[in-house]
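Take a look at the following structure, please.
Per-chain residue numbering starts at 1, and chain names A, B, C and D are given in the order in which the chains are listed.
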Amino acid sequence: MANSYGKIFKLTSFGESHGKSMGGVIDGCPSGIKIDINLIQKQLDRRRPGQSKVTSQRNESDKLEILSGFFNGLTTGSPIGFIIENRDHKSKDYSNLKSAFRPSHADFVYEKKYGNRDYLGGGRSSARETVCRVVAGSFAQQILKSIGVDIFAFVSSIGSISISENIDKLNLDNIDNSIVRCPDMNSSELMIKEIEKVQKQGDTIGGIITCIAKGTPIGLGSPVFDKLHADIGKGMLSINAVKAFKYGFEQKDISSSKGSEVNDIFIDNSGKTSTNFSGGIQGGISNGNDIYCEISFKPVSTLLMNQETINNKGEKIIIKAKGRHDSCVVPRAVPIVESMMALTLLDHYLISKSDKL
Amino acid sequence: MANSYGKIFKLTSFGESHGKSMGGVIDGCPSGIKIDINLIQKQLDRRRPGQSKVTSQRNESDKLEILSGFFNGLTTGSPIGFIIENRDHKSKDYSNLKSAFRPSHADFVYEKKYGNRDYLGGGRSSARETVCRVVAGSFAQQILKSIGVDIFAFVSSIGSISISENIDKLNLDNIDNSIVRCPDMNSSELMIKEIEKVQKQGDTIGGIITCIAKGTPIGLGSPVFDKLHADIGKGMLSINAVKAFKYGFEQKDISSSKGSEVNDIFIDNSGKTSTNFSGGIQGGISNGNDIYCEISFKPVSTLLMNQETINNKGEKIIIKAKGRHDSCVVPRAVPIVESMMALTLLDHYLISKSDKL
Amino acid sequence: MANSYGKIFKLTSFGESHGKSMGGVIDGCPSGIKIDINLIQKQLDRRRPGQSKVTSQRNESDKLEILSGFFNGLTTGSPIGFIIENRDHKSKDYSNLKSAFRPSHADFVYEKKYGNRDYLGGGRSSARETVCRVVAGSFAQQILKSIGVDIFAFVSSIGSISISENIDKLNLDNIDNSIVRCPDMNSSELMIKEIEKVQKQGDTIGGIITCIAKGTPIGLGSPVFDKLHADIGKGMLSINAVKAFKYGFEQKDISSSKGSEVNDIFIDNSGKTSTNFSGGIQGGISNGNDIYCEISFKPVSTLLMNQETINNKGEKIIIKAKGRHDSCVVPRAVPIVESMMALTLLDHYLISKSDKL
Amino acid sequence: MANSYGKIFKLTSFGESHGKSMGGVIDGCPSGIKIDINLIQKQLDRRRPGQSKVTSQRNESDKLEILSGFFNGLTTGSPIGFIIENRDHKSKDYSNLKSAFRPSHADFVYEKKYGNRDYLGGGRSSARETVCRVVAGSFAQQILKSIGVDIFAFVSSIGSISISENIDKLNLDNIDNSIVRCPDMNSSELMIKEIEKVQKQGDTIGGIITCIAKGTPIGLGSPVFDKLHADIGKGMLSINAVKAFKYGFEQKDISSSKGSEVNDIFIDNSGKTSTNFSGGIQGGISNGNDIYCEISFKPVSTLLMNQETINNKGEKIIIKAKGRHDSCVVPRAVPIVESMMALTLLDHYLISKSDKL
């Protein structure tokens, strides 16, 4: 398995949802940087279950404990080890799922790959792992902030409901005024109703998160394999339930456009362009304009309704999830998206330090 | 810069289009595998300019020369060094572009990042680099073929024209019967006309390539960061002009769907599912069904028409490309897409050898 | 910083001796392997202080807690997160060392490199970090044992006292019958006396550990940069206080020998040779004979006697260590040497799985 | 196989001695650095056979051809591809060795590992590969020179003959006045005679190279696994025929010394110490004093005399090498040692750029 992300600023995570704790190590964090642990906890709270009526009512306090690499409010340059206890893990009831292969879950492939399956909680396939990404991502986000980079993510679609305002007119301060994290307050209301409707049906629904990074320095990313958007794309596609990634500020679909319609014209030699179809990245390298991408999530596979499937003997069975599950994970995924953006940008920032001697 | 792709089966490429040759090293290729060099040359020919009326009329014979790691038709386990001469590089005339920052090209960011710019041919940002990917990808494709994996890519959209047949009804043997590499022959005709129309305008057009891998073993990919689709996505997004990636067999848009509509039901314990919205990958791990993804290309940024831009003194200028340029690169990108799929799948296949002792 | 070791079987460690706990993540451990936690604890006990009269009398129980990746006695294929509490860390008194740069310690370079210094316990330069290597190394050692590889390390010199018996006549079962871990019981007695003598002087003494791996499969290691002995050498040189590494069974000094004196003659086509000057590795690749190497340790730099040095203002000062320090770390380093050998061999074993398809 | 060296400044090499050419790619070279190709050629000439009466009389002109990444005398930030033709490869006569496993060569392990063997020239086990290290190392050496680092290597022992002068009294300008590259001219004469004597016997002889780096910045290296000396040690141990590595300026054997005898006392807060037993590295991190290490080479395994061995059927045979072989490779290895030192120091220099933000 490969449980590390990043080349210089590198997160290695561990833990299963049924175990004692989740945790990780951040290696390669520069020394002497001030970090506010409260802001990390705030990001964890934006991700945790039980935060509003549109999320699962499970109760995980997700309290961060830092074990190393941090002293007197500053990073020391040493690896930052951390753990987050799994408080709620004992109350789960998975006995009915012990032998079932749930549709569109990792149960089947996990058992084939590893010869065992963690029926208690999905093993490493559980989205609980993302709690570690938020810890490391929040470190990265604060470090980037200190060099002028601001990262925003918000929900732009839930099911068939999409933001109606022009995206660059949105008031991003509104993101957390909406429990679905949609800063267009009209759309937000409709999204909440959509989730509640689906919830009552025992069904689930997908959606889209838009992520914007402002203030990114010019020159991050490499021109060949490690194009900045390719690495951002990989980071986003590695989030549970993500099915698609695109970048570029698009009022129109770029693949069906003509070059004369979507080329971005330079305004001056700061690199500012009159349009931003490039999404802040040209030839794989950041150009100083806003980085702009969209991440599509499928609906959660766990349904509170009967579904046909097979068990590990190949017999057809009917399953129905019990308990407290999310009907839509997209609002909770907002801090995870921010984290993957932050991890990727900071890593490329540190990599770019050796572009010149 | 980072000019390597893969962890075990690793390609490192080098070369600029104006230099003497492109080249690369394939490290980590297992020994004793029979490779047909003619098949590699065939893939290079599918990629090269001048192959049909819808591509650039530049003339690059793209003759592969293998320098090491290959003996008597077999891989030896040693690194495979190779070069491809740049025959046509002297005739290019870029003098008018020496100081211009072309819109939506890498010129501006390249000069900021490296303090120099390869005005002779775009340096490492030139799509000529992909010739090396096709060499390595073709090695990988042949190796995968020997373990039962078949990779197909084809053009499914050009501009607003998309395949009209149901995708799983397509006759994939038709791909190379179409100069745009669209196996739906009716759509193919329309696409050719669309490109010719745009060509006459001096404009360019984007499109979409669909890639399918059949026969992939169960168990490739990791459940956390190195999800199989995340690594495929990164590979595809690293191809020049790619703006978006999605995976999963989609008749409908998955992010606006309900879970009950898009969960894939297992048919039997071979892992076969009745639908394939998962695109052959669940929880980041291949499940034995066809891998299925779509890659969106923007229109080429080089236009044979006047465009406003700035030069490196920040002055506004008008540029217009001269010479032989592609109006649509999507048909030529088909073997590149196949190559990135092959490189990624083979690497994960070799990685998966240590899942168990 | 770089706190990871290995390519496929990879340990990432964290923690400082003054913090709450040490810990690490083992990524890439194959699934389904039986591990005896008691044997890991036994290796930790061989390393810990306070185990005999020749070691520091500090009291660290070094109790291992595994947080993930291990279930019902078997590895699961998930990353193995673990911690070991630092029980004794509060009682340390380092106030007199807060501003001093101790001779031949990392204090000076650490402060220059990171802009801070962990005067409480040496930060990542403390040998306490090796506790994590022993945990991961013990996992590796047990896995190797299951495929027939046995690793032994023992003390062959302390100061000027060296093993007097011919090394291949030694009874390796005697290693732990000696508190200095020297299986030649006569030499063992002399070594104990030597350490006690130095201890009384407040001084310290170096020594040599010999490490032997029996039953290594043929074919581990690569012919160029990642020669097996180069990677073993790096692992050993990364242990605190190690100054030199050599490999090969040497009755004579190989660099002053003639080829006709030290070439190993093959006996049969199993690869067995009549002599083993090659130390089980030819051209960087294991040949099935015993792997054999020697690791030299300098004397501990912390002395219980007055030493001249400077403080961080550049002023000359006199320091003298207080408390419980080792006069000779070599006996305690035996399980660490075994661990680095095991980590390196297992990693190369997993890498070698892709030599052929 | 693993044919790359370095993390940021990374060499990937390819080629076999019987093939058309050797070659490599240097990835991660910062842009805008002036490189004198003549100085690289000079280093290649110091390594090549046929340069004096004490080396093999084979004739390889070792002419470097750079294919990319270098323009108008400056590095561009793009990967530097290069090749060196194998001119002399056709004249070799290895037919008598086709089925023999030569003693202390890689023939046996290579055939077991890869299922094939390059009897034409040892495949990747041939020391001809080091020509690529010298190219990349010479780039690194020139870059380091520009930041004040000077690297010297010289022969300090051949067989039982060692430098008689105190090492820090040596005039390093004399190195290339000696065909064995020993700057102590009296010892040099004795070494030449020793090699000539061995040569007449058809035998071979080993020796030791000392390497010194002056002007290294403080702070290179990491405190745990990637200690600077561990990485230098790995680089040196990866050179063909190297059997041992030690670091530290040693008039006495450090492992048999007491702490009070070998601790280095700081003179002032520049980090200068009165002695340099630490060899310029403390706790794995450079301290600004001269880096100092010794590398021991075994005698060449190819002898011009009869040796007993087996063939690949397990039959006992007698072999005797024909043609032009080195009786002692140590003098030719001097630029290789310098190269591995340069590659390692430059890589750590670039890594250290992200110690702080």
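Keep in mind that, in the parts below, contacts are C-beta pairs under 8 Å (C-beta built on N, C-alpha and C of every residue); 3 or more make two chains touch, one makes a residue touch a chain.
Source: prediction; values computed, not measured.
Asker: Among B-D, A-B or A-D, find the interface that matches C-D: by residue number, over half of the contact pairs should be common to both.
Answerer: Looking at which residue pairs coincide with C-D, the repeat is A-B.
Asker: If you tally the C-beta contacts for B-C and for A-C, which one comes out higher?
Answerer: Top pair by contacting C-beta pairs is A-C.
Asker: Could you grab the centroid distance between subunit A and subunit B? Build each centroid from C-alpha atoms only and quote it in angstrom.
Answerer: 26
Asker: What whole-Å value do you get for the distance between subunit B and subunit C if each is reduced to the mean of its CA atoms?
Answerer: Distance between chain centres: 47 Å.
Asker: Measuring centre to centre with CA averages, how many angstrom lie between subunit A and subunit C?
Answerer: Centre-to-centre distance between subunit A and subunit C: 40 Å.
Asker: By the touch rule stated above, which residues of subunit A touch at least two different other chains?
Answerer: Residues 1-4, 13, 28, 31-32, 77, 113-115, 123-124, 355-356 of subunit A touch two or more partner chains.
Asker: Write out the stretch or stretches of subunit D touching subunit C in their complex.
Answerer: Touch residues, subunit D against subunit C: 1-5, 13, 101, 103-106, 108-110, 112-115, 123-125, 129, 157, 159-160, 198, 201, 203-208, 218-219, 222-227, 229-231, 233-235, 237-238, 240, 243-248, 254-269, 271, 273, 277-278, 282-287, 296-303, 305, 307-310, 312-314, 351-352, 355-356.
Asker: List the residues on subunit B that touch subunit D in their complex, please.
Answerer: 1-4, 10, 12-16, 19-25, 27-28, 31-32, 67-69, 71, 74, 76-81, 83, 113-116, 118, 123-124
Asker: Which part of subunit D faces subunit A closely enough to touch in the complex?
Answerer: Counting only subunit D, the residues touching subunit A are 8, 28, 30-33, 77, 143, 146-147, 350, 353-357.
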